[in-house]
Amino acid sequence: MPERLPDQTPVWDLSSVISGLQAERERWRTSHCRSIESGGREFPAPPAVHAAIKGIVAALFPMRLGPDTLRKEAEDYFVGSTLSCALGVLYEQARLELGGRSAATDPRAPALREAEAARQAETIIHGFAAALPAIRRLLDSDVEAAYRGDPAATSVDEILLCYPGVAAVIHHRVAHDLFLRGIPLVARIITEIAHSETGIDIHPGATVGESFFIDHGTGVVIGATAVIGRNVRLYQNVTLGAKRLVKGDGSMVDHDTPRHPIVEDDVVIYAGATILGRVTIGAGSVIGGNVWLTHSIPPGSQITQAQSQAGPEA
Amino acid sequence: MPERLPDQTPVWDLSSVISGLQAERERWRTSHCRSIESGGREFPAPPAVHAAIKGIVAALFPMRLGPDTLRKEAEDYFVGSTLSCALGVLYEQARLELGGRSAATDPRAPALREAEAARQAETIIHGFAAALPAIRRLLDSDVEAAYRGDPAATSVDEILLCYPGVAAVIHHRVAHDLFLRGIPLVARIITEIAHSETGIDIHPGATVGESFFIDHGTGVVIGATAVIGRNVRLYQNVTLGAKRLVKGDGSMVDHDTPRHPIVEDDVVIYAGATILGRVTIGAGSVIGGNVWLTHSIPPGSQITQAQSQAGPEA
Amino acid sequence: MPERLPDQTPVWDLSSVISGLQAERERWRTSHCRSIESGGREFPAPPAVHAAIKGIVAALFPMRLGPDTLRKEAEDYFVGSTLSCALGVLYEQARLELGGRSAATDPRAPALREAEAARQAETIIHGFAAALPAIRRLLDSDVEAAYRGDPAATSVDEILLCYPGVAAVIHHRVAHDLFLRGIPLVARIITEIAHSETGIDIHPGATVGESFFIDHGTGVVIGATAVIGRNVRLYQNVTLGAKRLVKGDGSMVDHDTPRHPIVEDDVVIYAGATILGRVTIGAGSVIGGNVWLTHSIPPGSQITQAQSQAGPEA
Amino acid sequence: MPERLPDQTPVWDLSSVISGLQAERERWRTSHCRSIESGGREFPAPPAVHAAIKGIVAALFPMRLGPDTLRKEAEDYFVGSTLSCALGVLYEQARLELGGRSAATDPRAPALREAEAARQAETIIHGFAAALPAIRRLLDSDVEAAYRGDPAATSVDEILLCYPGVAAVIHHRVAHDLFLRGIPLVARIITEIAHSETGIDIHPGATVGESFFIDHGTGVVIGATAVIGRNVRLYQNVTLGAKRLVKGDGSMVDHDTPRHPIVEDDVVIYAGATILGRVTIGAGSVIGGNVWLTHSIPPGSQITQAQSQAGPEA
Amino acid sequence: MPERLPDQTPVWDLSSVISGLQAERERWRTSHCRSIESGGREFPAPPAVHAAIKGIVAALFPMRLGPDTLRKEAEDYFVGSTLSCALGVLYEQARLELGGRSAATDPRAPALREAEAARQAETIIHGFAAALPAIRRLLDSDVEAAYRGDPAATSVDEILLCYPGVAAVIHHRVAHDLFLRGIPLVARIITEIAHSETGIDIHPGATVGESFFIDHGTGVVIGATAVIGRNVRLYQNVTLGAKRLVKGDGSMVDHDTPRHPIVEDDVVIYAGATILGRVTIGAGSVIGGNVWLTHSIPPGSQITQAQSQAGPEA
Amino acid sequence: MPERLPDQTPVWDLSSVISGLQAERERWRTSHCRSIESGGREFPAPPAVHAAIKGIVAALFPMRLGPDTLRKEAEDYFVGSTLSCALGVLYEQARLELGGRSAATDPRAPALREAEAARQAETIIHGFAAALPAIRRLLDSDVEAAYRGDPAATSVDEILLCYPGVAAVIHHRVAHDLFLRGIPLVARIITEIAHSETGIDIHPGATVGESFFIDHGTGVVIGATAVIGRNVRLYQNVTLGAKRLVKGDGSMVDHDTPRHPIVEDDVVIYAGATILGRVTIGAGSVIGGNVWLTHSIPPGSQITQAQSQAGPEA
């Protein structure tokens, strides 16, 4: 007769696992020259950024993406209350990002660095808050573009409620503004939230013109230095990527070297197309599905799969 | 010595941001002829639809997708309790969709329109509830198809617990029923919930026969007018899309114009294949990976990448 | 004047829906020879596995993926407290998986089977706990590989906070360990959690060497018998799949038949490439975007789309 | 060897318990002439009222009883957003109370009764909203009275954060306003929330003047027809109750018959005192601890335990 | 200039606090002869009991104390689903109580003791489930008694929604049934939940007849061996307590020695009355407020404060 | 036909309510000389203190008051992890209390005051953490006293799980330590949490010796300057209060003037007894139920109700 019954869960050797994990952390920290023995969080926290961006999205479109009990007459109160909270959280996350970064490079005393980080964070969030109306205006152009671009859409409202491409662009436009103001890590966390929810991966550094629409969207990748004009439409699995990441001398390219495509106004890129390198897709061009393109094309081009593989020099 | 310490978060100029956002909303509403000054929600709310569909999924497969404390002898009670709640929520969302839609087109007094929307919503949910056993039967055929189709599957139970393709099909079959009954927006919210969770984007309008299986599934897109026969199997990144959205006269096609493929019984379509337009894939055909296909093919065809690019007219 | 107002929600005919669903469940159980009339859960529960894996991830990287209030001096306490809880949950899920499996095949009395399942589950979780430090070490190599492989990355910390490829690999390495120890269903639930969050679908059976990096990642599929060497880099939409699932005699291949690629050390595979079958990609090879490859290639190969379609015999 | 292990929870005979409970509900409904076969909630729901009153309390004292992230510059937005939500909930609960009540007495068609209930609920909530500033002013007088009355208090802020007597009075003043406007059941639910949290039981019908303070408070009971003047102070376990509930003819007194004490301005009543019946405690009187009093006393009286038992006629 | 800013929270000396607390726990365990080095919970868990009792309360009165979305036509499903869950939790808690108790006294092997505890727990919960309809019937008599006894009550529904005395009695009747069946610790946890919410402290051992009503209730204490007849009414701060706890030889009385009052049918006891010892309050008696009574009184007595202090022998 | 249906909730005049409430807040702030226009919280937040105290309680008694999944081998990890979090929260609340207090009195610049508050808060929490083992030891003596004092108790474990008196004393001993260290507002919030849950109101300033037991407890009030010896036992509704709060010259007594009783070792005070003023209850005395006592009594006294009313001078 066994003494221990199945419901008596066994005892794990926790202390050896814990010390094993501690040794691994120690090894990592030593090899990355991190000697901090104690203290709190040094990076932005994804859950905090998540709360902030969801608040900002709701403040941008209160009646459609806010709480379902919201009433029109209370819109402004909701917007103010929600923004006050979300901006406060963003400010804290900006301080964490700036403080963590400066700790690695700024030889001044911690107190001075912290004060500097706080001042910068304040400037960033002030600027961001003031930019929100312009961001909303851009997003309205995106929603209208989506409505015009999809015959299956039955109303502009459906677009906001259901289209993952629009959700990804809302997150991108907010993140891009924060990226330009100097908190790229917070910005990246925001776009990764959208990536996880929609399968659309737009680097916050990418520049995107008004009336942008991504249909279906899963698998879309847009790189950090891509530049997209006005009234551009993409479908699922489109990549606007880099051709090479290694320079002639074998070293990695710098992270702000222009290496992703420029897509001019009024271009349509169908599903699965891959465009790589600092090439220019001329205005009004149409890129067919699954096309593989690594050279520039003039305005008004119509590229199909066969053409693309031959290349312009063929 | 600075007077303000880092932990004293700064004051944002909320009122100007709020009025800026208000002005943008006003501009949008004016340009879309929406003059409503006050009132509550006019569209279905995604979180409410989310709660309802999760309840329905649990009621369809109580022991495997219901709560882990559920016991077999309480199955019917759980199903009844869960459905009562979920159907009530769906009914409310149906009223919101029907009421919002009629407000734009129905010249009758609000009270009459509301009463009409309520009556329609009741009819829809009644019909949907009665269809649930048949939906479950179809889903059982899908689960068995998945089990037969994947050598990595070790049990039918694993299919329901782990396969995103099966999760997407459960959401689709429920949404398609609601789509046909007249609440396409609620239906679309349901399929987008599955899209976000699985990367599989099936428009609720698509018609899908029994024993349908999608393996892996990320990046699959199936359009609104697609028709899929029995015993069809798809892999990741397959697109069943539309070829063109603009008619000869430059206007957009109507949203119910048949423009997506017909896939007959017993077809297999491998990863990355793209099939566009109102073409017919004959019964028993096999479409190879990455194939690009824009014409019909007869039953029993075996299409590989090289063939597909030449096309029948070559 | 209608007697029922819109807010009086109608009455659904619950009993007929419930009995209809009950009949469908009965039909299913009869056809699958399940005669159990009562009792509790027989399979692992995805929400429980979710809680466990999130705890394990936080214990592996406490300061970066743990709660934002965690402080360095409390790391070990957090790790111990979190692991104690997570291992207990995993043990229960392991018992459910082992118990459910043995019920189908083991002719002994339930009590003996249960005791046996408990003993096995204990052995599995003991082994898994002891392996955690080594898993952490492997993951550190992955983080460093990601940092070296992406010029857009600004710090190793950004990698852990933002890169879905790293998140997917963390889940995979934990799941793979559990898969090898004999609880493939729990393992699969873990990788599907990552699949849903990242769009990256790595079967827990796949063998992956150190310093593995997946960039962007949406749409990546790696099959159950794939073997990946050290220092391999993949991009979005890469498939390492099986060529055929049906043997010459028409029967399905066995689920552990080697049928997915072997990728040797230092290989890079660009976006959209599809490699099918038990082929070997020689060390140091570079596979171009959208390449379709179904044969082995020697070390140091550079494959582009045109080549791949012709094949080596061309 | 037992076949069932301890962790296999037994099967309960649910169906007989359920039918037994159903029979008891049926018996009750029959004996109370309730024949409703189906439908939704007919009474206010305590959890909904709880959410509403907590919102109203936070809106009354935003910086001290609102969320800890609230900032002064966002006060008005918080108040507007919170009130919009809370008033909406209160309106629904008012409709439920009025509708349920009229169903029992109003012979008109349900639709007319519902419309009437909605109209009344709207009037009530409008009036209540307009009264909130005056309620806040009264509550400020209570806070100041508490501060003056307790030497242990170190600041007016401590009063709002810590004093159960003040919490009970906040709930009472809100509930009393709603009671007077015609929704006594909602009002009673509010005062019972305070009763549960503080041990202080003030009937919402009681009339209470400004600058009212209850110290400690557990066990205080104030009846429905009590009238309390300005600047009155009570301690724990004070009862202002009714002497008799049965009239000379043996029937119960009517629920609005004045039967509780009148306490004039500037009275202090120490712990454990019991005052019963429609007696008047003259202005400025001091009632000692544990006093038992069932007759009126003139202004300026000082009653101790010995006196009270003798009574004025002694 | 200080190096550490206010927002850099200091480091606590956790390890010495932890070892200090560990030493105290060790001291306690040694002094109470508890040598267990590892393992899980040995006592019922108040949060689990809380969840179970709230489910049982909702199942007893589904439309009034259940969720506000519940509809009449789904009552039985809700009851079945809720009870299945609540009984399962209670069974686990019963096993914990019985197992923990037997560990201290039963010399058999743990496995045998556990199996015995499981068998007993099953018997207890079976019996309890079967008793629920009778408990509901008793509670209906209490609700009616409350309605008859309080002129301020406007409907029987108000009683269930608002009266703490009724809430306390619901918890007591459930707890008393479990107490009699042999799990007094679970029973006590249930009555303490009610005590915390209502201020009414009824020991689960007390025997209470039908149609019992406690008005206001804060401060009521009813001891473990009290016996209360039918149609008894109490007010706040009534104590039915024990006179002495120490026997003539200086030892403590046994915990089941009858030492609390017997209150016969139709007795009313007003606020603040204290009745101590194994005395009998004859049927139909009325005990006045604040009365202190330590001797038996015959049926039909009317006791006021003056009388009680003198006592019958005066 | 009415244009508005019942479900169209009406529009409230939010802006006038908001400005009305704003005006009232303004009036209050002006009259209390608070001119702050913007900024964050200035007082401790009850929900934060609630989280901290619940963590500390769980860390003091991990296996009995901690989470039910806790296992003995993980106790220290749980204690460390929980304390790290709880002490961090307490430290923040201490800073808020000290900062808010100094803002009113300290003429230095805000930055200096904040830095000073942070330093003091650190000292306080350091000292408190170091005191936790001694607090636990005292609490063990209380648990044993409760077990010895109540014949209804069946085990020491039942005491911790079920006795509100013990819960109140745990909160008090923690709060008293913090009170003595200089954060009385945080301390008071802690005791009010216990007051709300148990009905027992012990001011955090009260000094309480070891082996203290309160049975039942509802309505107990113990004042700020009370001093209680070792091995004292109280029952419900006992008041240890102040006799007068107004000095001869009409001014209020100072808040630290000794004005509550001194209760020496081994005293028992039965239910409802009221002891007022700076009197001394000699060691070993027994105070009967409902006794009213305002003078000192020598050691070994036995006071019953009749005696107490006469007083010593009689």
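Residue numbering begins at 1 within each chain, and the chains themselves are lettered A, B, C, D, E and F in the order written.
Everything below uses one rule, namely that a contact is a pair of C-beta atoms (placed from the backbone, for glycine too) under 8 Å apart; a residue touches a chain by one contact, two chains touch by 3 or more.
This structure is a prediction, so every number in the text was calculated from the model and none was measured.
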* Asked: If you walk from chain to touching chain, how few steps can bring you from subunit C to subunit E?
  -> 1
* How short can a path of touching chains from subunit D to subunit E be, counted in steps? -> 1
* Which chain lies the greatest distance away from subunit A when centres are computed from Cα atoms alone? -> E
* Asked: From the C-alpha centre of subunit B to that of subunit E, how far is it in Å?
  -> 51
* Once you find the CA centre of subunit B and the CA centre of subunit D, what distance in Å lies between them? -> 49
* State, to the nearest whole Å, the distance from the C-alpha centre of subunit A to the C-alpha centre of subunit B. => 25
* To do: Spell out, as numbers or ranges, the residues of subunit A touching 2 or more other chains.
  => 2, 5-7, 9, 11-12, 14, 18, 38-40, 69-71, 73-74, 76-77, 79-80, 84, 88, 114-115, 199, 218-219, 237, 272, 290
* Asked: Where on subunit C is subunit E touching in the complex?
  -> 9, 11-12, 14, 18, 71, 73-74, 77
* Inside the complex, what are the residues of subunit F that reach subunit C? -> 5-7, 69-71, 73-74, 76-82, 84-85, 88
* Structure fact -> Within their complex, subunit D touches subunit F through residues 59-60, 62-64, 68-73, 75-76, 79-80, 83-84, 87-88, 91-92, 95, 114-115, 117-118, 122, 125-126, 129-130, 132-133, 136-137, 140, 148-158, 161-164, 197-199, 216, 218-219, 235-237, 271-272, 289-290, 305-306
* Spell out the residues on subunit A that touch subunit C in their complex, using ranges where they run on. => 2, 6, 9-10, 12-18, 20-25, 27-28, 32, 36-48, 100-101, 184-185, 188-189, 192, 195-196, 199, 201, 203, 205, 218-219, 221, 223-224, 237, 239, 241, 245, 252-255, 257, 272, 274, 276, 290, 292, 309
